[in-house]
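Multiple structures follow.
There are two complexes below, and they share chain A, which is joined by chain B in the first and by chain C in the second.
After this line comes the complex of A and B, so read on.
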């Protein structure tokens, strides 16, 4: 089939259209946006971006989001590593049940947990901290990280472990110096998915914060409701939320596709 | 892989268990607690038995949200899974275009969900949105904030836009893991491209497609932010899916009892359907 390339091309154009529209709108003035439909900015302005970069309530939103997302990624992968190792190498009482129970947390609707989370994190004094959001997001990211890492680890032959012990490595020395570099790709993929699901989630992040740790997404929804119709500003903020994701994808592009494929259900 | 029995492995999963238990069991107990009690404010609670469960199960409002949710979830599964497979099959296997395709396709997956909703809202507005304007210009009477069919069309299109790439990435990962020798053997046998798909590619993609169906099922059943930002559940209640309805009851009206009972029923439905999917798709796997 010579026309095969048409399918992905059309699909990618379809994906890019709304993004183009957002980008287009972010460079327009409010007057032009409300004045009618224009395919590209007639009066090109950077005003919307300047507002975001000069107003702390805006740019701190990005900083807050990046802090809790990084925190979450580190926590999730750090605790998932030994657990995934245990699942991939050993049999123990209730291993299959625990694995499935972990996955059921991936199915939990955030809406179900919003209110109890608010009460729980208020009770332990973590409300409105980056740590609260980072911990709350581990609910669905730890199961995912364990799942992905377990898949990658099962692909590493057990002889590697045994040879290392014979060579006189202690468990942790083997795990950190030999095993982790071996599954570096898997760790990268797990971190990518943790980053992704924490970065895009809003409901829990919004419920658990008010001022100090308010994520950019919450700043956006509040702006949308309070200051009326500043679509240009909103569009610029939206464009800027795509940037970190785009960077991350670029760095892990060769591993994304493998990420889930190697995981076992 | 052969695994050795080692009960000490429990220590390895201890940190995970502690964190997930803190996040899952404590809140879930709170929900269970609310679901069987009645409150009149002042933090006073009274035992209410199962009346909230009975109330939710027999409420037409819950039935309507559940039906809308099921229609939504099965529609997007019916569109995204075949579409994702078709795109993955048509993708190049080697060369620089692979990276370009993967990066561009993965982009929607990393956009915060409220931005996805806002983006589609702007895109579909009949007066200043590219899609809404174009549809009206070529003769459709399109207005997603007023007409139910248009709201649903936009909602489904948004989800297809947002998540088909996940299916593509997974299916593609399954496809590239097929050794070339399989295709060579098929060519020698003179197999048609349908036969190659049916007997080589599809079986090899089965595992990743199971993951794709499960993930898409769970996530679409839990969907909240995108439709909330896009349509706010409207017009009327026509796009009020389960999560939107639940948040309205729990955080809007603060009806803790019914909200908690609904949460538990909701969660059980997801668990049950996920299990059914999983067993059905794995049944033929020996």
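After this line comes the complex of A and C, so read on.
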């Protein structure tokens, strides 16, 4: 068993190699990247990062992305909370079918909705706004959030609801002061997934914006074709794109573990 | 202050959960709802509390129709089998919760919470979260919350069922004391006849959504109105068998016969159902009129001081409960003695028609 370290090590190298390579490239000049294979930067430079943080066409990409992602997360979870409660607590005509139909929204490729959304949002004057992207992403995120939250809510006995009513809580008082803190882990997990999906989604975000609300991923793809190859700059932008996700994962990692234990995530 | 159910019935999706029920619970009384799982105890309690609306019928409290009054506006409280507390609040805040919602001033809340915590022996745990307590402490917190607000109606839905044996005994002893000087109506649901007998008060036996009998506990136990009530109020289940009366004699199967006594001799000849409680079927002859019966032993459970033996008596599953430890070979034939001076006789419809000695226990 002397080689038992081997497989995990190989696996981790395999996983980390692309990320290392990206990081590696972000500290190189474009000439060095194109010049030949080097395992670490020969001429270490922070120029790429400086450019991103000083040029508004770059950093506004992050700001735009963060704005619509946050907006989307708040809208999705706020709408999903009462919906999930209804699915978990009440039986009504066609409840199971509606629940399934909600999930099928996640199964359609985003490309299907790109054209109708573009036309629709242009017609109502929402094109190139943060709200347009946030609303478009709720199509995928509300069903997901409902599904996750329903799992957590069904884990709470309905006797808790009854006890609260008996104690004198009104429905909303119970929901906000007792129920939401009880399923805080579930809300955390739902927010995480909404954040993640909205953060990585490119097609709708790109289709629905041009200048004012242009997301970082779109900025990255467009820059590649304007002033030749700026691979170092793109690599730095890529590294910075990973950071928010890594942050969020770090904060909700315990909740996610709980979510997996409950069998819903 | 009495609670009255007036032909209250509940159906869900065309399925009958509670048959039309009339029940009057007196103020200051302790009432036990006794029945097996799914007999409708919880539904009946939800109807009493106002958590569920009856499909038909009315609920009156203190001479007022409260059928449509929401649960928030009724002064009730409830304790569940699961330990239900607010997980995000401390024990103190849990107990204070109903008082806070009733807008009672802070000093008064504090006084009552501390008093209740003292009574429930929760004082050292007031700052903790419910999840940091043992099962017994969690349930005591739930009870403290139910009792602190001086509700008119306190509903306890199998509150001891999820506790281990020792804690159950402990809380069971405390319960009557907690209700002794309260003028509320207490309703206690349980599956165990023993608990009903321990608490006294009144007992309602429930079977498949129907209250089969309601009255003082001892009265219900000794004078069951019918076979179902008697069976609900017997643990292990009451032994039953078909018997025939011929002249002054009862005949069970082909060979077991005994004389009718003064209170059963007047019964007309014909077939009856015999009911004998397990502890009246013993290994050694016992009681005023023991009759020998033989059957094949199916299961023998020996606890420290008692032997519970299941055996087959002409096609019926019978249970014998004797003191002392006795050894049995499974499948072998053994002799038992039933004391027919404590037997009950029911007609074909299940109504009690005669009890030897005028009562049965």
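Methods note: the second predicted complex is superposed on the first by the 247 of 265 C-alpha atoms of A that agree within 3 Å, B and C clash if a C-alpha of one lies under 4 Å from a C-alpha of the other, contacts with A are read in each partner's own complex, and residues count from 1 in each chain.
Everything below uses one rule, namely that a residue touches a chain if its C-beta (ideal position, glycine included) is under 8 Å from a C-beta of that chain, and two chains touch if they have at least 3 such contacts.
Nothing here was measured: the structure is a model prediction, and the numbers come from that model.
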Task: Put chain B and chain C onto chain A via the superposition and say whether they clash or fit.
output: fit
- request: Please indicate which partner A:160 is in contact with in the superposed arrangement: first for chain B, second for chain C, both, or neither.
  value: second
Message: Taking the superposition on A as described, I'd like to know which of chain B and chain C A:168 touches: first, second, both or neither.
response: second
- prompt: Who does A:232 touch here: chain B (first), chain C (second), both, or neither?
  reply: neither
- prompt: When the two structures are overlaid on chain A, which partner does A:186 contact: first (chain B), second (chain C), both, or neither?
  reply: neither
Message: In the overlaid three-chain picture, which partner chain does A:25 touch, first (chain B) or second (chain C), both, or neither?
response: first
- request: Please indicate which partner A:61 is in contact with in the superposed arrangement: first for chain B, second for chain C, both, or neither.
  value: neither
- request: Could you look at A:151 and tell me whether it touches chain B, chain C, both or neither (first, second, both, neither)?
  value: neither
- prompt: Anyone got the angle at chain A's C-alpha centre between chain B and chain C, nearest 10 degrees?
  reply: 90
Message: Which chain, chain B or chain C, ends up touching more residues of chain A in the combined arrangement?
response: B
Field: Touching partner for A:5 - first (chain B), second (chain C), both, neither
entry: first
- prompt: So after superposition, what is the minimum Cα distance from chain B to chain C, given in Å?
  reply: 8
- prompt: Where on chain A do chain B and chain C both make contact?
  reply: 157
Task: Could you pull out which chain B residues touch chain A in their complex?
output: 1-10, 12-13, 15-17, 19-20, 22-24, 26-28, 30-31, 86-87, 90-92, 99, 101-115, 118-120, 122-123, 127-131, 133, 161, 164-165, 168-170, 172-174, 176-177, 207-208, 210-212, 214-215, 218, 221-222, 224-225, 229, 242-244, 246-247, 250-251, 256, 259, 263, 266-267, 270-271, 274, 278, 282
Field: Contact footprint of chain C on chain A as seen in their complex
entry: 157, 159-160, 162-170, 173, 178, 181-182, 184
Statement: Within their complex, chain C touches chain A through residues 46, 49, 51, 70-72, 76-78, 80, 82, 84, 86-88, 97-98, 101-102, 142, 145, 149
Message: If we count contacts the way the header does, which residues on chain A are in touch with chain B in the complex?
response: 4-8, 11-12, 14-19, 21-22, 25, 33-34, 36-37, 39, 75, 79-80, 82-83, 85-93, 95, 98, 102, 104-117, 119-120, 135-136, 138-139, 142-143, 146, 154, 157-158, 196, 199-203, 216-217, 220-221, 224, 231, 234-235, 238, 241-242, 244-246, 248-250, 253-254, 256-261, 263, 265
